[in-house]
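Next come the structures, one after another.
What follows is a pair of complexes built around chain A, which joins chain B in one and chain C in the other.
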Partner chain A sequence: MLAIRGLTVAFGRRPPAVRDVSLDLDAGQRLGIIGESGSGKTATALAIMGLLPEYARVTGSIRLDGTELVGLSDREMSGLRGDALSMVFQEPMTALDPTMTAGRQVAEAFRLHRDRDVGRARTAVIDMLAAVGFDDPDRIADSYPHQLSGGQRQRVVTAMALVNRPGLVICDEPTTALDVTVQATVLRVLDEVLDAAGASCLFISHDLAVVSQLCSSVVVMLDGEIVERGTTEQVFHRPQHPYAAGLVATARLDLLEPGTRLPTVADHLRGAS
Partner chain B sequence: MKRAELWVGGALVATVVAMALLSFVWTPFDPTAVGSGTRLAAPGWPHLLGTDHMGIDTFSRILAGARSALYVGIIAVGIAALVGVPLGLATAWLPRWASEIVMRGIDVAYAFPALLLAILLAGVFGGSTETAMIAIGVATIPAFIRVTRAGALSVLSADYVLAARASGTPVPAIAARHVLPNVAHLIGVQASVSFAMAILAEAALSYLGLGTPPTVPSWGRMLGDAQTYLVSHPLQAVWPGLAIAAAVLGFNMVGDGLRDFLDPKLREVA
Partner chain C sequence: MTVAETLLQADHLTRVYATGRRRVRALDDVSLRVTRGQRLGVVGESGSGKSTLVRLLAGLDQPTSGTVGYAGRPVSGVPERRLGFLRSSVQLVLQDPRSSLNPRMRVDDIVAEPLRSPAVRRELGEIDRAVRVREVLDAVGLPADSMRRYPHEFSGGQRQRIAIARALAPSPEVLIADEAVSALDVSVRAQVLNLLMDLVAGLGLTLVFVSHDLAVVRHVCPDAVVLQGGRIVEAGPTLDLFARPRHAYTARLVAAIPSFRAR
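Showing the complex of A and B:
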């Protein structure tokens, strides 16, 4: 359903942030994109959403269900955003408007694309909030962001992205800002609602362990390029590229003998060159 | 300390508003009736603050003068906010080069004093309350544009605006639903400070005879009238002067207090 061919994103005169990236995503499939800060994974996500700043130059092709997204006007793109594709953001502390109740923010996307009626939007919002695991969706809907915890906010942000049951959901490090126990809850909820919606998912993270919980296949990005791709199994157990091998080594500290020095990604990269 | 500023300012503003409201239903004497009492009577009974050179009760005139001050303030700040806030929001979406050009133009307009513009307009259209209000309002527009734009730019870089865009929210809806409520506190502060300036400007224009007409009670005009008798009856200049000072101080303190109260960074330091 999502087909990316030769995607390149450049900002000003600097070298491209994303270089010649090609990806395929089937309906219902979940693909993890792993890479460090600056590897181009967020730029790839924003390019798909059409949310890059105006001075960014995007070339190549992004097709969603056959529709070419590159070169679409902002108005046309607005019609798709929140409806055919949506995004779960990284920082639950800042991704919600402090002057609006959680319910109104979830309702915004619904009323834009589905039904302007306030009452029916409210019903949809309450259902969605219940789907992301709130026992008291009415109270949450009437709460302002500062009255909610980080994990609660992240679930509200997830509800915002999924209220219209989009075909494609892009998650940009949705659990990075949360502590580990809350992270587990949010991942479980995300897993459930993605399944329920039958949505495809691009899951962006720097955390191999998180990706392996949610995704069947993985690509690894380094300096704007895809350096490794395969099923989560393959990449986890038989990484080909030294950078990917380094990532796996740093993620699997449980395999390490006590007393040995902790591995770094640089060890593997140096060994390769 | 900061709370105290807000309370004292609020009390002064409330007093001025109460005076204006009271003057609609009751004043000790008619504030416009010439020769209703002794001319230039000393403060005492029944004329608490004395009478002016036309025998009008000064206390009644001070009460009614609050009306002119607030009227001019409300309309002038209203004009400035209604024009300045939408323009400020709009410029936040302009491409960088275009907004630079617009903002330099606004800097020039900002440098143009409100009083000079008012005198210019009064010279062309004749002095009246309306001319004064419009002149003060127009001259205050750039301040609102700058404050709104600066606030909007910082809000636009927030994640929740990106999230709203990711939900497909069109630009006008983002401006109205997400940006405006998040810059409202800045606009409130600017409004109360501009209100103080408008009251002062109205007083200055009326003092010069370019604002409120002689028949309508106005603190500035009272001050101008009292000037002739400054040596023999100095108190007649003191009362309107005190009223102007109290109103301006009040609105300024509310503005400062609100800013400190609403800015969490300043609040921690205080």
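Showing the complex of A and C:
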């Protein structure tokens, strides 16, 4: 359903942030994108969403269900955003408007693309808030963002992204700002609603364990390029590229004897050269 | 058998913040002791009181009730000019080196800063600051030509090395690391953790390692305390906390650590 070919994103005169990236995502598939800060994960996501600043130069092809997204006008793109594809951002406090109730923000996405009727929108919103695990969706719908906890806000953002049942949901570090116990809840909810909606998902994270829980396949990005791709099982158990091997080794604290020296990415890159 | 010497000691610490009519009990009757050479993890989520505890242990804030002591000397209620012994013995490494390093100071001035306080100078005697700065930069693996540069010229991992060098400058006995690797990428995190563990072992430091990340605490600290809502709900050997948590909250924390699963 999503086919990216030769995607390159450049900002000004600097070397491209994303270089010749190609990837495919089937309907219902979940693909994790892992890499460190500056590796091009978020720039890739924003290119798909059409949310890059104007001065970014995007070349290559991004096809969603056969529609070419590269080169679409802002108006055409905003017709798709929130409907055919949507995004869950890292910081729920900045993704939500502090002056609007949670329910109205979820309703806005629905009324814009689906049905102007306020009553039917309210029903859809309450159903969606219940789907993301709220026992009291009516109270949540009438709350302002500041009245909600971080985990509740992130579930509201998830409800906004999924209320129109988009075919593709892009999650950019959706649980990075959350406490671990809250993260566990949000991940479980995300897993359930993605399944229920049958949505495909690009899941961006620097946390390899989180990716392993949610995604069936993974790509590893380094300096704007994909250096490793495969099933989650392949990439985490038999990584081929030395950088990917280093990243996996350094993240597997659970396999190490406490107090021992941690393997680093540099060890693996040195071993390879 | 030798009895381990207590360096840092907190007795019945309570800290209440009053804002307007609201009173928040950030820390509630917390007692702990840190013995020489110990690596103690302090685990908790946001709002657990971790940062309040750190500030009290480092003598940067006063408890509402209860006391902090260092090597048998009282810390709570002692005026800053007489805290030289604490400032030279207990040093902090904070989470975000972007905000904890003054962007307008050069690295050598940043690293030498703890040596400038009159109270610390009284404690340590005359130190050749330039020599000491070179020593600690070398200890954290930064080249000598880093001295005349500014923080923004360094990567996140290198900035955290600068923060560690600054903490080491007065030759402290205790290092308090407050989420010191939380803002770093995993590969950089591994390097900085290796450096911290090498320094702790090599210099015989005592480490209080505050983190929300249980997997990291398990690796670094043989002992840990778990904070929730300003109280210590469980304390003991870290591996026991993992394998046989006695408190429901500890069990929940351990269960919430994302584990590797390939599907």
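Please note the rule applied: the second predicted complex is superposed on the first by the 271 of 273 C-alpha atoms of A that agree within 3 Å, B and C clash if a C-alpha of one lies under 4 Å from a C-alpha of the other, contacts with A are read in each partner's own complex, and residues count from 1 in each chain.
Following the convention adopted for this analysis, contacts are C-beta pairs under 8 Å (C-beta built on N, C-alpha and C of every residue); 3 or more make two chains touch, one makes a residue touch a chain.
Quick caveat, the model's predicted, so the values are computed rather than measured.
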Which superposed partner A:Pro15 touches (first chain B, second chain C, both, neither): neither
Touched partner set for A:Gly259, first chain B, second chain C, both or neither: second
Contacts of A:Glu233 with chain B and chain C, given as first, second, both or neither: second
Dominant contact partner of chain A by residue count, chain C or chain B: C
Chain B versus chain C as contact partner of A:Glu54, first or second or both or neither: first
Contact residues of chain A, present in both the chain B and the chain C interface: none
Residues of chain A defined as touching chain B within the complex: 49, 51, 54, 75, 78-83, 86-87, 89-91, 94-100, 105, 108-109, 112-113, 157, 160-161
Sites on chain A touched by chain C in the complex: 36-37, 150, 179-184, 187, 206-210, 212-213, 216, 231-233, 236-237, 246-247, 250-254, 256, 258-259, 261-266
In the complex, chain B residues that touch chain A: 95, 158-160, 162-170, 173, 177-178, 181-182, 184
Contact set on chain C toward chain A in their complex: 45-46, 156, 185-191, 193-194, 197, 212-216, 218-220, 222, 238-239, 252-253, 255-263
